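Comments concern the structure below.
Chain naming follows the written order as A, B, C and D, and within any one chain the residues start at number 1.
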């Protein structure tokens, strides 16, 4: 069974630095031999991370809100069509072995919270989650300030689990 | 169609003051003629708010994680058995016309975030949501410091929608 | 906790005799003091059964496909908005103590099958389920040829469970 | 985006001929370069088809009922953990471009019905669906009597869609 790393974050249009980070995270996930999982939409962090992983030769799973591929990123290899709207956020985090969360809105926060609820390690990359999420997450919620640092935390988490 | 007010919050055992607030919120929801909706479990805010509404003669809907009533509060009148675990959090907030969120953990935060994502007004009662949720919620996220104040904000929200 | 009877069937426009049966089933559910649960749409069996229960003074729960009430029957009292499309069929049958299935299409067949999978008694009213469903259902799948007969089978099933 | 073929069927222990067919279907799906999707359990058609595809060098997606891999087939490459029980049946069929249904029980029938509801072509391999499913499915429901014939029908369906 392959290791899946979920990458979450803003669904809206990103500025250039945010796009670069999302792309870089996706590329590094692929270079480590992990499968990338995102919400699969053709916008924001989902699209850029998928493009990064795809162009680095990785496999990209998109867990879609819709019941068709109409709004799917063209960098998705495996489209899981749920037709469930935001209820698919739960599937995103359960299916991920570790979650990296870039800055985002309410959807991203819901995924961070659902991941912590499911006892998943979440790496907040480039943002401060605030007191309620920190209290809810305790040791499961880690902070990173660069794509490389986030990936190192993923690798460390996966290694600890194996031992 | 009846007006439904969702009440979310900690699923663990509450201390006496927290229990009193949850009970009071449930009772006030019922006294206003609204249907109470919770996650339906026999613990924490869900159980106390349901007891409050039930004893005030109200109708209580519990949207359960499980596929049976085994973990349901005995104060639930209508049990919606989802068998979907935390994916039912989405149903909780979509089915509520307004959401009141008492202090809680990751599950409660996910419900606040999902409610804001769905353009629902959320009233945080007795806690400070922190910067990420405040930014995500903007005008939809209101704060209250007592059950009475929360209920007044619900009434105001419902009245504005009617006009 | 109240007893919930689920009524499933065709979502398309019904002819006059089919409408009369659906209405009658809804009315009888209400007259027995049971809560009626349907898929909540403003068409077909869902709408007619809801109208029947509503006009007989009963309580009607509609578990909606959508995330708003836009397509909901106006005879629904409690709208459970799932935003999950046909995945809500699972919730329909899990939440029902017994299921009555009137003639319908693929959606109705899926509900019958999901109900049998969940060990629910299903009463097929006015149609022949065919060999695969009969084999899958065994003793859980009952046949009725009138609304009154279906309701008697519901009552018998509920009584047996109590003993 | 890769083409996904869903293979459904009995979750219980299979006799030798049924195992051989399920294995053969999985192997042929992989040999055609399609991704195999199943419900992911370590039993019945799901397990055998996954083994067949895996040993033929294909990629296997398992959409699991559970929120962990505890009951997953060891031939699954990509585990989509839903935690949603039978509601994941909807995801199985929405995510498949074509569905092959081997003989099975209530779960399999629900997947056939949900697939037809979602306008998917379903190939019933080695069983007779009966009048209600035939009426619901019309031109979408095809019959095959061997793994090879089922695969030919999949190929034909995919080819027609491309033109």
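Basically, a residue touches a chain if its C-beta (ideal position, glycine included) is under 8 Å from a C-beta of that chain, and two chains touch if they have at least 3 such contacts.
Just so it is clear, the model here is predicted, and its values are computed rather than measured.
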Homomeric contact chain A-chain D: same or different residue positions, threshold half: same
Chain A onto chain B, rotation angle from CA fit, given as a multiple of 5 degrees: 180
Dist(centroid_CA(chain C), centroid_CA(chain D)) in Å evaluates to 29
Chain-centre distance (mean CA atoms) for chain B and chain D, in whole Å, is 40
If you look at chain C, which of its residues touch at least two other chains? 67, 82-87, 90-91, 118
Write out the stretch or stretches of chain A touching chain D in their complex. 1-2, 4, 35, 59, 61, 63, 67, 69, 72, 74, 76-84, 90-91, 94-95, 118
State the interface residues of chain C toward chain D in the complex, per the touch definition above. 84-87, 89-91, 105-107, 109-110, 113-114, 116-118, 127-133, 135-137
Inside the complex, what are the residues of chain C that reach chain A? 67, 82-87
